[in-house]
Amino acid sequence: MTKLQIEEVETRPEKTILQRFFRFVKKNPAGFVGMILVFLAVGSALFAPWIVSFDPSKASLTSRLDPPFWADPSGESTFFLGADQLGRDLFSRIIYGARISLMVGFFGVLISLVIGTIMGLISGFFGKWLDDLIMRVADIQLAFPFILFAIVIMSVLGTGVWKIIIILGITYWVGFARLIRGQVISLKEQEFVHAAKAIGGTNFTIIRKHILPNVMSSILVLGTMYIAEFILLEASLTFLGLGVDPTIPSWGGMLADSRNYITSAWWTSVFPGIAIMLTVLGFNLLGDWLRDKYDPNMKM
Amino acid sequence: MVRTLMEVDKLQVGIQDDGIKTAIVNGISFQLNEGETLGIVGESGCGKSMTALSLMGLLPPGVEWQSGDIHLNDLHFKDFSKKDWRKVRGKKVSMIFQEPMSSLNPVYTVGKQIIEMILNHENIDKKQARARALEMLQLVGIPRPEQVLDEYPHQLSGGMRQRVMIAIAMSCNPEILIADEPTTALDVTIQAQILELMKKLQQQLNMSIVLITHDLGVVAEMCDRVIVMYAGEIIEEAKIVDLFDQPKHPYTKGLLASLPDINEQQEYLSSIPGMVPAPGSMPSGCRFAPRCSMVHERCTQSPPLIETENKNKVRCWLYDEAKLEVMTK
Amino acid sequence: MIEREELLRVENLKKYFPIKGGVFGNTTTQHVKAVDGITFNVKKGETFGIVGESGCGKSTAGRTIMRMMEPTEGKIFFQGQDITNINKDEMRKLRKDIQIVFQDPYASLNPRMRVYKIIEEPLINFGITDKAERHRRVLEVADQVGLSQAQLKRLPHEFSGGQRQRIGIARALISKPKLIIADEPVSALDVSIQSQVLNLMKDLQKEFGLTYIFISHDLSVIKHFCDRIGVMYLGKMVEVSEKNKLYDDPLHPYSKALLSALPSPHPLQKKERIILRGDVPSPASPPNGCTFHPRCFSCMEVCKAVKPELQLMDENHSVSCHLYKTAEVEYV
Amino acid sequence: ACSGGGNDKTEGTKKEANGKNPAADRGNEIVVGINSDPQSWDPIDTFLLDWSTVAISVFEGLVERDLDLELQPGLAESWEYLDDSTLEFKLRQGVVFHNGEPFNAEAVKFTFDRLLGEEGQKGPQYSNYTSIDSVEVKDEYTITMKLNSPDPVLLTKLAGYGAVIVPPGYVTEVSDEEFNDKPVGTGPFKMTGYKRDQEVVLEKNEDYWKEGLPKLDKVTFKIIPEASTRLAELQTGKIDIMKRVEVAQTKTVKDTNFLKLEEVGTPTVFSLRFDTANAPLDKKEVRQAINYAINKDEIIEEILGGYGIPISTYQSELSFGNNPDLKPYAYDPEKAKEMLKAAGVAEGTELDVFIPGNDGNFKEITQAVAFYLEEVGLKMNINSVDNTTLISDLIPNGKAGHMYRQGWGGWTLDFDNTAYLMYHEGEQWNPSFKDEKVEELLAAQRTTVDQDERHKIFMELTTLLYDLAPEVNLYQAVDLYAVNERLENFQPPHEDRMRLEEVTVK
Amino acid sequence: MIAYLTRRLFHTVLVVLAISVIIFFSIRLTGDPVSVMFSAGEPSKEAIAEVRTALGLDKPLYVQYGIFLKGIVTLDFGESFRSGTPVIGLIFERLGATLVLALGGIIVAVLIAFPVGIISAVKRGTPVDFFGRIFSLIGISFPNFWLGIMLILIFAVNLKWLPSSGFDGLSSLILPSITLGMILSGILARLIRSSMLEVMNQQYMSTARSKGISEWSVIIKHGFRNALLPTITFLGLQFGSLLGGTVIVEQVFSWPGIGRLIIDAINQRDYPVIQGGVIFLAIIMVVVNLIVDLSYTLIDPRIKAGRGGKS
């Protein structure tokens, strides 16, 4: 009898990148929209000087509150999105503003992520008194009013973008810690973690090689959502008078400082508002998409 | 003459991705007779559960009914609306799932879950429904049924939960009971209890059972007729004794041979090399060919289901009349 | 029969888990007596099978032996050395010699680690720093269990259950252990795959002279694979016997029921069933006396009150049941 | 009335023709939107301008300042200095407190004993009146006030918050605590309702001693912290008067047909003050150069919409001691550059500025200042910080960088208050400035009650300070009120004390 | 149960104690209440010293802390520096308004998030899901003050449907509740969606369908009931922090809530009010947490040890 080699045939042809891309867009329109928005924001932040020709901090009191040129009946205005209360070009400020907003979002999240992850890992993995201790510290952090915390830190360390980043980072570690703790508690009982112990792994290797990579996706998901939240918090801090240096363009600052002009010069608050909204929306959609992608229940 | 209760006609179920249809269950046909137990066996992932779920109209999202039909008496499931399905489910066809631990809703009492079913199909009041539920629990042999009625699923053991599931499935006297691996998650001794119970109930209520399993022992124990599935297709259909005595398809043979025999000491078990192909990458021709020890040229073409003696069927060129010609060439 | 050297000896091993009681799960009111005083030994090169219903403590026994969990009571001797109380780091190093293969091939592999890394990891843990050496041994062991080099670059989810179990076996094997505890290594697999894995394990045993503790609830698999068998019920060994003796002449009523519950391999071969009553009781509140008595078909008055001891019936066969209590039996 | 000084950038405002006055049918009562709640109505506990906005209608002092800030007899009909340290007051007769208690010499004595006693010492008002030694009852309607040192501004102070007369019977009867919430005075309105942080309800005092006053039956003050919300309430007719209209909001007010904008100059002035301990600001020339570099007129014109008044020293034109001969430093960036160069200040020298983060207007101003300073080669780092931290920690401890914002009113309307606190060595808000001659003049003006003499000293002092330039004096604030057209006779107060007894509605 | 409560109580005491220490010392780092009082007065150094004595601020720190600690035990946080009113009274004055607003916010959030979350999950991947999610995200895409001001401009100024501020009657509650609720609903809808998705995959959903009951009945009775548990935990915790006040919403809508009380106190460095308020809130938070934990185990018939790690 002849042995016959029967080929396993792929019934599905290999896809080109473009096809795969369209498939992705079709299957995850929300994720795609999110990605585009995030790209736009990050792009503005990175390439601001190439995008705009105006100096964002160039004040000119004579063009104070000039409307966008297309909405200016007198036709004098030369500003694309109008000018702000110091006659600075709103468009370039919005483009440059992406820098502070994203910086606050990104580094703030980075700090809280690092602290929270370490705390969550320790708390979930070792349990017992360490867990109790860390969770109580988390309770304390939660019960302590954020604004007061901000004022205390600022009066000790001074003000500035980095101070805001530190404050947000320190305040929001709790979210990460709790999330990760919960996951570690269930991961720790997973067979592959037992297996890691059985093959002679130390606690440190187990955490590093087996636990951490498996919580990474949730960290990422929460991270994107916190970036969005931090962008808004920077705005709120400015509203309460604890914001960044007003000469540095930031969306939150622009929005907070222009709130009295909402009725008289709508563009001063509407455009930064839209910028914030789109970016926040973008990060949230991205986070949602990541969540769906990494949600084990969604896997087929 | 046995009456045919249900007939599955070239049922094809699959997924659709980017306009490309992939069949998970590939055009299967079989009949279910009144009062008989039909076994469906096959390796994990071969489409047993999908077949069962199609009979209930409960295909998971993403998996679609692609073609074919199912007839139950004069009903044609193919063009059923949601509402039509609701009348069939539970009343005419009932189902027990594989996982006794997660098949019951954790937040409702056992009683509530049985009563829900009864109220949905029978025109009786709550009190009567409760009495009926109690009766059902007694029927499936649950000790202290009055209390259990008001307990939550987590308070019961796996075996008891599976009995509750059976009670639910039976509560409206269905004509057909589909049991998708009803004992896989249970212990041997409990499995024996449940199988015993199903046999008893079948006799009492005269239903037909479709029993899905990959345990050939269970099949031997319970079934009258067996369908062997491989990679979404029926590859053999036989009377139970015929299957065990003269398995025809090389896959069935391999399957039977790889069971350790309790009565014999073997150094090594025989095994089928390789694994079941995934739905997306089926071999052309005979789907078992890559693993088959009897493979030959003909196998590059898909074999039809060939009827052999006793109305048994097998999907293999070896049993084709024309086979000899090919082999002699 | 050749008298073989003893590799492992377990004496009166107990493992109790505190139950988090109360509505809120934090007051310890009771204990789950998962393993409640088991005694047995395993000889070099043999396969010792442990069989029993789900939850009877098989896995716990296995894990306690390799001190993945600390035993509540009892002693474990490995190669004559008492390893019950050696410190954690020494134990960690000892795991080079005692390895485990898990029941669930899906859950026991880190889903985000490449197969190569998974197999290599024990070597790193046991201090083999030479990368080339590690590479050589990974390839070697992969070859032994039948994994191709290309497959090593993949992630576990790209494998079938049987292949994953091979990965698990390779990981256990790479440190060249003397004893492998196989905790239901084939329960999650299909029959046809199951035989592949069992054959592989048998090959490896021959090649390396491995000793197995083989845990399973499938009597036919146990019979096929093991030399001696311990039957567990609710944390206790109710019968320990040489294989054929147990299958030909089970003594304990539970062993009898278990064997009879096995579905017959052929439809015409209908056999007399012993259908047990009721469910397995909870190990948190085991019945008094003989723990099996509520389900036992030959229960006597004495069974309800007195715990039976494991007694030697003849060479290589002991049972713990009042039915066989004779004056001359000696206790193990 | 005094000048406001605003002018319209957008002249010829178009008002909505069809806008109906939504407050038209409220009747003979008005609602006022204010921005904060002083929390306690006890006069000895407070120093908040917002207190006076409401309390001026409830309490009265022996002396009062009218809307034009002229001193007038209040509960005292007349007074005279018996000697340098004794003052005698004749009290008004027939006045009763809201609770029916009679106003008399006992009440006055009680008031001052309380202010200067234990209770008063817990509050900030006490320190203003420490020059009073005691108050003695001469007869039912005459008291004498003994002073322990001459106090040239005593009479002004008696028109201040702490010196309003409280009813002795009531205060002793109800506890101090209750008095905080349910104040009783002799004013034109009595307080009949107070919900903390929500509203204060005043009702007409039928027995008010001024004939025919007040005209309104009821006044409700609503506390609305957010300016945008306040304006919304005004636009929807929920309030009739809005206090603290932001410059940004003036256009909306002017565009609404049933609203009018009222402006009034206040005693409060805003400056960027120098911490002269920090180089290069220890050099007078540098400070002057910075003064030259900033175009204050443009700031007032553009950012403040004209609602601000230029000043030359750290006081308003309302202040006794203001020197009209001094003109604000002119805008002369060239000169500034030269001076900086001469003083050896390098191009690109960085200056830290501290401003309170919650003052939106000033943020804009500071940014404009930064812009001007950049033109002359100085780089300004703006730190916007919590206001309270700034005034209670950073400034007193000299941690507020090179420059910091300070606004100051000088509640006595006498330059003494400002000058002494800001330039006298060791004062709370003077971290570093020190000048011998200034010290001398400050001391001199305090030792005499002769106002002409003091005026002369102040003229010398202001000239000196102008030259020393311890701050950049930016502007005198103009308060903006938006008022519903249905109100008549409402005159915006210079110093927040909203007098409502003459107000009527159409 | 008793042991559990004792342990929780012990932890509560520890947390409150720690917060008391932190709050006590940290506010003293940030400026001085007496200078603030004099911010428009004539603050001679002597005057300041006298007031400080009168307020008891000249006592050694440990004595002051002792007084504060004693106050925590007796729930007497002293009198406000600013108004002279007992702090506890000030807090209770606000409690009503705060509760009402928190409830209002939660109701709005629930009204928006429940339908959106459920429908999004059920119609996962369809345009309905897409727009549902975007809709629920809008609330968390704007800074809350901006959202609040916009709502005022639209609904109060332009449409004249609702009052723009104040605390009287149901109508004044609507806009602040919407502002708060929109923010909450974004997170809540997402939570419901994902727990619904999780639940939808459960075997018991198929069981329910196999009974022949209608799809919506399956989704609501069997699906949603199970998805509700994490939702309730979340709402409980959220309610706790809403009581802490949402300063900005309160400020924009002139709502007399606890948040504003504390922020005003912070601005004035009114130590007793800050200390009392923060401790009071901390206690409330811990108690609410406890209630949530208790109710969670009671609502869920599966009493599983070690559960509740997820928040």
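Residue numbering begins at 1 within each chain, and the chains themselves are lettered A, B, C, D and E in the order written.
Heads up, the rule we're going with is that a residue touches a chain if its C-beta (ideal position, glycine included) is under 8 Å from a C-beta of that chain, and two chains touch if they have at least 3 such contacts.
Source: prediction; values computed, not measured.
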item	value
Fewest hops from chain C to chain D - one hop per pair of touching chains	2
Shared chain contacts [chain C and chain E, defined touch]	A, B
Chain labels contacting chain D and also chain E	A
A-E or B-E - the one linked by more C-beta pairs in contact	A-E
Between chain A and chain E, centroid-to-centroid distance (C-alpha), Å	23
Separation of mean Cα positions, chain C and chain B [Å, integer]	32
CA centroid of chain A to CA centroid of chain D, Å	44
Distance between the centres, which are taken as Cα means, of chain C and chain A, whole angstrom	49
For chain E, residues that touch 2 or more chains besides their own	30-31, 149, 153, 266, 303-304, 306
Overlap residues in chain A, where contacts from two or more other chains coincide	151, 155, 240, 256, 259, 262-263
Junction residues of chain B, two or more chains touched	none
Residue numbers on chain C that touch chain A, as the complex places them	63, 66, 68, 92-93, 95-96, 99-100, 102-104, 107-113, 121-122, 124-126, 168, 171-172, 175
List of chain E residues in touch with chain B within their complex	124, 202-204, 206-215, 222, 225-226, 300-304
Chain E residues touching chain A - in the complex, by the definition given at the top	11, 14-15, 18-19, 22-23, 26-27, 29-31, 125, 127, 129-130, 133-134, 137-138, 140-146, 149-150, 153, 186, 190, 194, 197-198, 201, 241, 244, 247-248, 262-263, 266, 274, 278, 281-282, 285-286, 289, 306, 309-311
Contact footprint of chain D on chain A as seen in their complex	59, 61-62, 64, 85-86, 151, 154-155, 158-160, 238, 240-247, 256-257, 259-265
Chain A - residues contacting chain C, complex	190-192, 194-202, 205, 209-210, 213-214, 216
